[in-house]
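Right after this note come the structures.
There are two complexes below, and they share subunit A, which is joined by subunit B in the first and by subunit C in the second.
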Partner chain A sequence: MTTYLSTQWRLVASQPGLFATLAIMPLYSLVFYTTLRAQDRPDLAPIVALTTFGMSMWAHGMFVASNIVENDRREGVIQQGLLTPAAYQWSMVIRIIGTTALSLVALAEVVVIGVLLGFSTVPESVTLCVLVAMLLVLGTAGAALLVSALGVRVQAIRSLQNALTYPFYLLGGLILPADWLPEPVHWLTRIFFLSHGFRLLQDAAAGHVTDVTSRLAVLLLLVLAQLLVGACALAVVLRAARAGRVPLYG
Partner chain B sequence: MTGTGGSMLAVRGLSRRFESRKAPRLALDDVTFDVARGEVLGLLGPNGAGKTTLVRIITTLLLPTSGGATVAGHDVVRDARAVRRTVGLLLGGERGLYSRLTARQNLRYWAALHGLDTRTGRRRVTELLEELGLSDRADEQVRTYSRGMLQRVHLARALLSRAELLIMDEPTNGMDPHAAAAFDDLVRRQRAEGTTVLLATHDMRQAQSLCDRVALIDGGRLRAIGAPDTLLTDAQLLRTVTARGFRAELTPAVRAIGGVLVQSDDDSELVARVTDGAALGALLNALVTVGINEISVTPPSLTELYRARISDRDFQLR
Partner chain C sequence: MWDNHGGRGSRVSWRGSATLCAAGYGVLTGWRDYRAMFTWQSWLFGWLARLLCQVLFFSSLGVLLGSESARAYLAVGHAAALAALGAFGVVSSTVGERRSGTLAFLLVSDSNVYVALAARGAYWLVDGVVTAAIALALVPLAVGVPVSGAYAGPILLLLATMGLAAYQLGLALATLSLRWPEARTYLSAGATIALLLFAGVNRPVADSGLPAAVAHVLPVTHGLSALRGVLSGDGLHWGGLLAEACVALGWGAVAYLSLNRSLRHAARRGSLAVG
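Here is the complex of A and B:
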């Protein structure tokens, strides 16, 4: 597992452009914090910090982690990977999780920037916040796996990649409370790990969480389901490649 | 299907059809052959003949349309996992590696995928980098490598898991003559250690010097298979006689010998082809009688066999 992670780290580190999302998104927090100060609403600082982290994490997952399989295809590596399909698939899961986990840095960044600007952005329940953030990273990695697999199978999804951000920020409750969304999409927010997790993250940051165990359990289940769906999609793509239905070179 | 007792690879009635909107293409058509344990079999054929499709099916990378194959008794479709543990594959080319990683980093990743633990993987990678002459540049990104060096990294990857069956597609493509000769030695060592080798190549010299048997594939069909010498004998290809110090006025006498075909003649050299031993004897006798002693007789080569058995299509694909 460490070999897979170190390999992925080297691949990402060799292309500094891949850090763009993580580097730019926290800068948004500066704009938001400045606005809060101008409006004299320091009470909203923790929400701003978490929103910025959530958007960074999701964007990084969709734009960087979800490109890992496609990059392997472009390099002509998938064909060799099919010689060790189980190990290759496992390495993909690990590599995508590892890449998505880099977005945890954004959480630390926005909290520190907030503190430096004089806001109270340190969460009330740090441990719970970190735990929920880690679960959110896993769920986002699952979504990236799914997009990754679909991207190889259905080339058109690449052109829709930009559309995979704002609708999900809304659905995940990052920009507005998920409850504010129209009634017909409420059921989607209930089964979407991001909306569950983000609400829990906000509550943990504010220090007033009820039913921690049951909410964590639900979040864990949704995250595992998302990971499972992503891994299954990747398995389907690799099987299709073996059947000759997926071009192995980009 | 089940494997043949002594054979490492058994291919039976193997066909593969690729569907397409324009027209379906039959890449492999009812191919059957065996490869014994420890044997080196050469796969020869033009581009698009079906060699790579065959290799991909044997290595479980592609499913057959009909027929089947076993590797060490394991079915390539039903028991793919066991097959994968048995084969090492070199596909070659300029892709298939992480171009931004070094050779060492690439190989360590593949070692992990092949199930080697970290310590064993590192040791094996170092051994192979040394053996294949890559140690000096092992820590440079492979995108800076020449084609021949990339081939060596591909080769190292194929050797990582000490496979029982090594399958190599154009292994010396891009290698300089010294590296190609070193590759030949490596294959001989592998064979001496009992490894079975399936070698798809366009290099007839390599095929003739390395392979116990060769299989000629064209249009997805197996056209011939056997030991190079046997195939050449069976094909009754002509031997070439070259005589230095030849004089043009002797040409009519040479042409009069039955079974001798004069290809070129001038005041210094005769090049003729002979159909059988009697014609060869008569020609040699005639040349020696007139005082010509610098004579060479060249047996037919795999190149001639290839050209005789595979239809010439210039640059056309099938």
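Here is the complex of A and C:
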């Protein structure tokens, strides 16, 4: 496990582009903060800070998944990796979770940017916020695993990565609660870890959260389910690729 | 076409034809790249759906603010800004010239680098204008501020000018992304955030100081202001259109000089890795 993590860290360190989303996405908070200032609504700063964190976390997860698959395909690592019985899948899981976990930094970034601009963005319940954020990052890593499986399968991974951002920001309720969405997608938001976790994160930041234990338990279950679905999907696709049923190139 | 004894006139004619030829092939290969990137299904249900969600997402900030006018302002601003944001795609796609090894040939050839690269990535400009027009027709409708079809002409003209201005800025930034490919994401995202901050997309343009100065040289600022005027029934403000065209011209000059002179100069000095 440490070998996979250190390998991924060396790859990340040698490619500054991999940090792009983490460096850039938190800057969207400037866009939100300046809009709040123009509208004279500083009270909404904690919400938009979390919105930006959610965008950064999700975009980073999608970027990591597509980047790892694309690089491995270009360097021919996928083919070599498939020759190993199970290690490649395990290495993908560890690399994706490890790199996606870096997005926790974005939470600190958006809070600090808010404070520097004179907004009150420090969450009321810091411990709970960090705990929920960690679970959300794990869930996002699970979604990234699913995307990496799709990436091995469909090849047009960059287009896929681009398409999988804003629809999920809406579905996850990053600005407005998911109830705001049309009725037909409500069932989807109820089983989507991001919708559930983000509401809990916003409540924790505002300091008026109720039923903490049960809500955390539900979130934990949804996150584990997402991780399981992602890892299984990757296993199925890699098995199909090993059997020659998935063309890896053109 | 080339006549050794034809003198200066023939050479100019040859150069003109060669430039047109390079532009034509550029547009053609760019179109093939675009076709390889998207099928109609992935464009419609992936790319376009994502862009529409992007506009809806930012306009939902208006709901959070509890202001219908803010919601409409954000919806129109973000829908129109797609013309520019789409055009910024050229910053990243141009790096493909390095990866595929065609940049080296382009730089040692007699071709006009600006024309070749501008033609090659022109699909981003068209994509940006088309998606912005669709978003402008659909999203404001969804948020309760329908855009009248009677304004289609001026709106398309303004979107095309905004897209062109942003495309020229994108080409200027492509000079940097060709030198430092790893910086491409930072460059296009930085330009996007600058537009969202200063160009009147999210909030009115600043009246004075550095933000106002930055806004005046950025694409979108003048065109979007004119577009908001059209939507409010004031008719097309030609001054805004002209100012946006001037911004396009200015960034076009920067892109031309940086791609044709600076990049070639760097290649000759050996300070540019072309492969």
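As a working rule, the second predicted complex is superposed on the first by the 237 of 250 C-alpha atoms of A that agree within 3 Å, B and C clash if a C-alpha of one lies under 4 Å from a C-alpha of the other, contacts with A are read in each partner's own complex, and residues count from 1 in each chain.
To be clear about the criterion, a contact is a pair of C-beta atoms (placed from the backbone, for glycine too) under 8 Å apart; a residue touches a chain by one contact, two chains touch by 3 or more.
Nothing here was measured: the structure is a model prediction, and the numbers come from that model.
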item	value
Combined model on subunit A where subunit B meets subunit C, clash or fit	fit
Which of subunit B and subunit C A:Arg10 touches, first, second, both or neither	first
Touched partner set for A:Glu75, first subunit B, second subunit C, both or neither	first
Partner chain in contact with A:Ala87 - subunit B first, subunit C second, else both or neither	first
From subunit A, separation angle of subunit B and subunit C (C-alpha centres, steps of 10 degrees)	90
Subunit B versus subunit C as contact partner of A:Leu228, first or second or both or neither	neither
Which of subunit B and subunit C A:Arg242 touches, first, second, both or neither	first
Subunit B versus subunit C as contact partner of A:Leu188, first or second or both or neither	neither
Partner chain(s) touched by A:Thr2 [first = subunit B, second = subunit C, both, neither]	first
Partner, of subunit C and subunit B, that touches more residues belonging to subunit A	C
Minimum C-alpha spacing, chains overlaid - subunit B and subunit C, in Å	13
Footprint overlap on subunit A, where subunit B in one structure and subunit C in the other make contact	15
Contacting residues of subunit A [partner subunit B, same complex]	2-4, 7, 10-11, 14-15, 75-77, 79-88, 91, 242-244, 249
For the subunit A and subunit C complex, residues of the former touching the latter	15-17, 20-21, 23-24, 27-28, 30-32, 34-36, 38-39, 41, 44, 47-48, 156, 159-160, 162-167, 169-170, 174-176, 180
Residue ranges of subunit C touching subunit A (in the complex, touch as defined)	37-38, 42, 46-47, 49-51, 53-54, 56-57, 60-61, 63-65, 67, 70, 74, 181-186, 189-190, 193, 196-197, 202-204
Touching residues on subunit B, where the partner in the complex is subunit A	18, 59-63, 81, 84, 87, 89, 91, 93, 95-101, 105, 108-115, 118, 121, 141, 157
